[in-house]
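Multiple structures are listed underneath, in structure tokens.
In what follows, chain A forms one complex with chain B and a second complex with chain C.
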Partner chain A sequence: MVSVALLAQQIVNGLLFGGQLALIAVGLTLIWGVARVLNFGHGAMFMVGGFVGFFTLGATGSLVAAVIAAGIVVFALGYVTEVVLIRPLRDREEFGIPSMVVTLGLAFFLENAFIVWIGTQRQSFPRFTDVIWNVAGITLSAQRVLIFVISLVALGLLFVVISRTELGLAIRAVSQDHDTALLMGVRPNRVYAITFGISAALAGLAGVLLAPLFAVYPSVGWYPFLLSFVVVMVGGLGSVRGTLLAAMGLAVVRSISIIWVSSQMAMVILFAIMIVVLVAYPDGIGGYLE
Partner chain B sequence: MNLIELDGVDAGYGENQVLHDLSATIAEDRVNCVIGPNGSGKSTMMKSILGMVDVWDGTITIRGEDVTNDHPREVLERGVVMLPQGGSVFPDMTVKENLRMGGYLIDDDLLDRQYEEVYDMFPVLEEKRAQRAGDLSGGQQMMVAFGRAMMPDPDILLLDEPSAGLAPHLVDDVFEQIAALKERGRDMLIIEQNVRRVLEIAEYVYVLDQGRLEYEGDTESLRNEDDIMEMYIGERHG
Partner chain C sequence: MTVLETLRSGIARTGDRLVEDARSRNGIVFAVLALLALLAPQLVGGYTLDLLTQLIIAILVVTSWIFIAGYFGMFSFAHAALYGIGAYATALLAGKAGVHPVLAVLLGGVVAGIFAIPIALPVLRLSGAYVGMATLAFAEIVYRLAIHFRGLTGGPTGYTGFPPLLGGSRLALYYFVFALVVVLLVVQYGLLVNRFGLVARAIREAPDAARMLGNNVPRYKLVGFVVGSAIAGVAGGLQIYTVLIISPPMIEVNRMIEFMAMGIIGGLRTIGGGIFGAVIVFGLNEGLRDLGELRLVIWGAMLILVTIYFPDGLADSSLDPRDRLRELLNRE
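Moving on to the complex of A and B:
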């Protein structure tokens, strides 16, 4: 029997996790929406972000420095990935499958490079804070709230960049009509690289923010990648609104499933939801929200 | 000075050569049109000027400066602007954002003046500036496309089949728009299937066939070229 209090607790936990999931999933949907790449290396960006944060923290002792370094290094990694691995494929007739395979290859390459370099053991990451709040019978860990707030701020910043800046205008132009954007004087190649960098930086930021919960190890990115994959499929690839909604909804379903069914079954339920949604709405729910 | 000059241009896509040793000179202060059958290379000629198709051989200059295979941005900066087929407004942007895209390369202090200029030409666009362009009627979207192309105040406007695929009443609107631009002294290079209509406006004609220039001259002189008129325009003089 599940009590109302426990249900409320799990819904709150789910929403907090949803914010973090959204941070990863929005990057995945963004790079699809702009550059039509389904980035299977997105989880690896998460993993690299965790490691950069881990090493920066070790060297400086500063969590803020760790977060900033993760964002910057992973942005650069995403930018270079686009220029070196994705751009050469773009002129080919077939782009979707090769770009997917290349990013999958990158994910395995990075994972194994870190295994060779550091090994498979989990590096534990210190908690940001141990404070626990109790609000109306619901336990709130200050750390999870902090991670949630940082995720929302990052997503808010992304929204401002895309809707209010010249860069955002160029990103939207390229995503809507590459050739016409070219005719306006936009350099689409630069826009693709920057967008890839932003998308990767969001994953890298999530990697360091979630490091206290997930720890840091070479294959750590696959679980968040799979979750965000389900999220963008349900939300609709390319739809930011659908992705945000799906992240919140699925995270709540996940946290309720964990107590009601079992934590092993949670993933099964999420994939079942994804399959049902895709059968009913092949393009996800995003198109119905616009 | 000549505005645009193509000299011995070979161009195409992949292995497929479309333009063969094409030379043409586009002088200032006139409205030009390019006509010819489907697949004659009209669009490719325009795209080669813009740097949107690979030029294999030959040169393209704007006011004497070589722009062969330059990025479209460099061509745009030299005052050559293209209005793509069907207008191609950005559907998910507002009207004003579309105009902003047209002025993507111009200085911020010039922007406001250019918005005014465009709103002066199309008052309805000012009214609808905050609306999503994709929600406008076909005619209004065409105005957005024309307005967007006028934002950088181009020296010459390249129009790629402006009437293609439009409902008949919109075709009239488009030709009225082109006539209005001519009235304001705007240089243009127009590709058009609707030959009869475009010849009412254009002062100079290039006839392309299989990627080669078959004829060029004043619209008036063309009307005396019986062979050309019959073969490409389907009319015989007198």
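Moving on to the complex of A and C:
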């Protein structure tokens, strides 16, 4: 029998992890919702963010500078990716598959380019803080709580940008109807590039924030990519609210199931949930929320 | 028409098309390649012959992926996993159940075909990028289960306890692989130049129109997916007899990306594209082995460039620089 304390601890861990997962996954769902691109390069953006943060921290000693630099550099990387790799494909009759292949090629290119340049060894990233709290028998690492809070703040900012600003209005307009948006004086190409940049920047930000947990190495992005991939499918591709709920829910499922099974089997459970949802409810949880 | 007559006319048509295609530019290239492959054991031996064996197996995997992804438009990420299931099935049947190795290879294909059904059924209900997503999830499940059930599969370190094929002779293995692959290539080719292939292409281009014309679309897709996967399973069985081990890295997603790159770089629209792509990517991987990961950077870049500039792959595009230039200029 599993003790209540262990269960509570795992639920709390799951929720904290869910916040981090949401930060990675929301960029993936955003770029699908607006531009219909399933970005297989999302994990590579996470990885590049981690490295930019690592080098900036080494050069300046400032964590804040590391986070900002990662956001900016990866934003630029996302913007350029859209312009150079995705835009030439946009007029194709079949857009979904070539855009998936190109981003997959980019992920493979970046990962191996970093291996050639830096090598496969893991660079450890300093923890932000070592404080551990104990609340009602549940252990809370201040580090994880801090990352959770920063993730929520970043997601909150994203919501504000999308729902309250002119840029957000343009993004929503393009995602609904590319041609009409063009007639209203919105430049869709620019909106696609900026959205891709924002999506990548979120992955880059997550890359630095989670670097103390995941370390920094060229193939670090694949596992977070797979997890967020499951999250966006279950949440409903393109639905931000569905993604947030699915991130929390699946993270809790994962942390509870690793009480009994290995982390490999926990992933098997998540993938199985994803296939079932994909077949039974192709629009995911988000389909019900809208 | 009786089944026999259908079969006879199908075979006749396959023969006609084969003669016709053999006269084209690519046909002549492939005929020369096949001749070289037949003579290869006279020229090289040892490790190089093993590599050639693996190349021929890779050709079978890529063409069977094109069978599913190129003709039906079901962009499957599960192919390397099903190739792995065929490989594990062959190894276990020959190693633990005492089945004759040649029979085990064929049964490996059957097992892969059976395991393809649970993922083929969801795939029938999905389209476009969603097919990729569901099959990627399936592939990850298979990979993780192969590691998890260590009692059966040997876990992360793999399994080697199966007897060699044809007494372990490299030469005999090479010709066995060559013959089986040629037979399966002709089978795929035959299916694709006949009614089956026409319906497959109709389903890719316009599923609703294909259904309206009275074709049972889900049944064709299911048969296509299962047949393609079974062929991948046979390739998996052949591969383990060449490398003499089956382990999880053989089926991880990087392998899938490699097969995919072969198919896309060569061209998804024809079986010949798969042969072309496999030779290019495999040749690059082995020829530039000294460069380490740099060669993966090179073919990652190739995958991107081919997708953008040669949407039909290298085998099916005109390689005349003047044509390429004209196309680039027209794009603007």
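Here is the rule we go by: the second predicted complex is superposed on the first by the 290 of 290 C-alpha atoms of A that agree within 3 Å, B and C clash if a C-alpha of one lies under 4 Å from a C-alpha of the other, contacts with A are read in each partner's own complex, and residues count from 1 in each chain.
The definition used in the following text is that contacts are C-beta pairs under 8 Å (C-beta built on N, C-alpha and C of every residue); 3 or more make two chains touch, one makes a residue touch a chain.
What you are looking at is a predicted structure, and each value in this text was computed from that prediction instead of being measured.
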item: First, second, both or neither for A:Thr165, with chain B first and chain C second; value: neither
item: Which of chain B and chain C A:Met267 touches, first, second, both or neither; value: second
item: Which of chain B and chain C A:Thr139 touches, first, second, both or neither; value: neither
item: Which of chain B and chain C A:Arg187 touches, first, second, both or neither; value: first
item: Touched partner set for A:Ser62, first chain B, second chain C, both or neither; value: neither
item: Partner, of chain C and chain B, that touches more residues belonging to chain A; value: C
item: Chain B versus chain C as contact partner of A:Asp179, first or second or both or neither; value: first
item: Partner chain in contact with A:Val279 - chain B first, chain C second, else both or neither; value: second
item: Set intersection of chain A contacts, chain C complex versus chain B complex; value: none
item: In the complex with chain A, residue positions of chain B that touch it; value: 50, 52, 71-73, 76-77, 81-82, 84, 88, 90-93, 97, 100-102, 104-105, 148
item: Of all residues in chain A, those that touch chain B in their complex; value: 166, 169-170, 172-173, 176-177, 179-187
item: In the complex with chain A, residue positions of chain C that touch it; value: 75, 119, 122, 125-126, 128-130, 132-134, 136-138, 140-141, 144-145, 147-148, 253, 257, 260-261, 264, 292-294, 296-297, 300-301, 303-304, 307-308, 311, 331
item: Residues of chain A defined as touching chain C within the complex; value: 38, 85, 88-89, 92, 94, 96-98, 100-102, 104-106, 108-109, 112-113, 115-116, 222, 226, 229-230, 233, 262, 264-265, 267-268, 271-272, 274-275, 278-279, 282
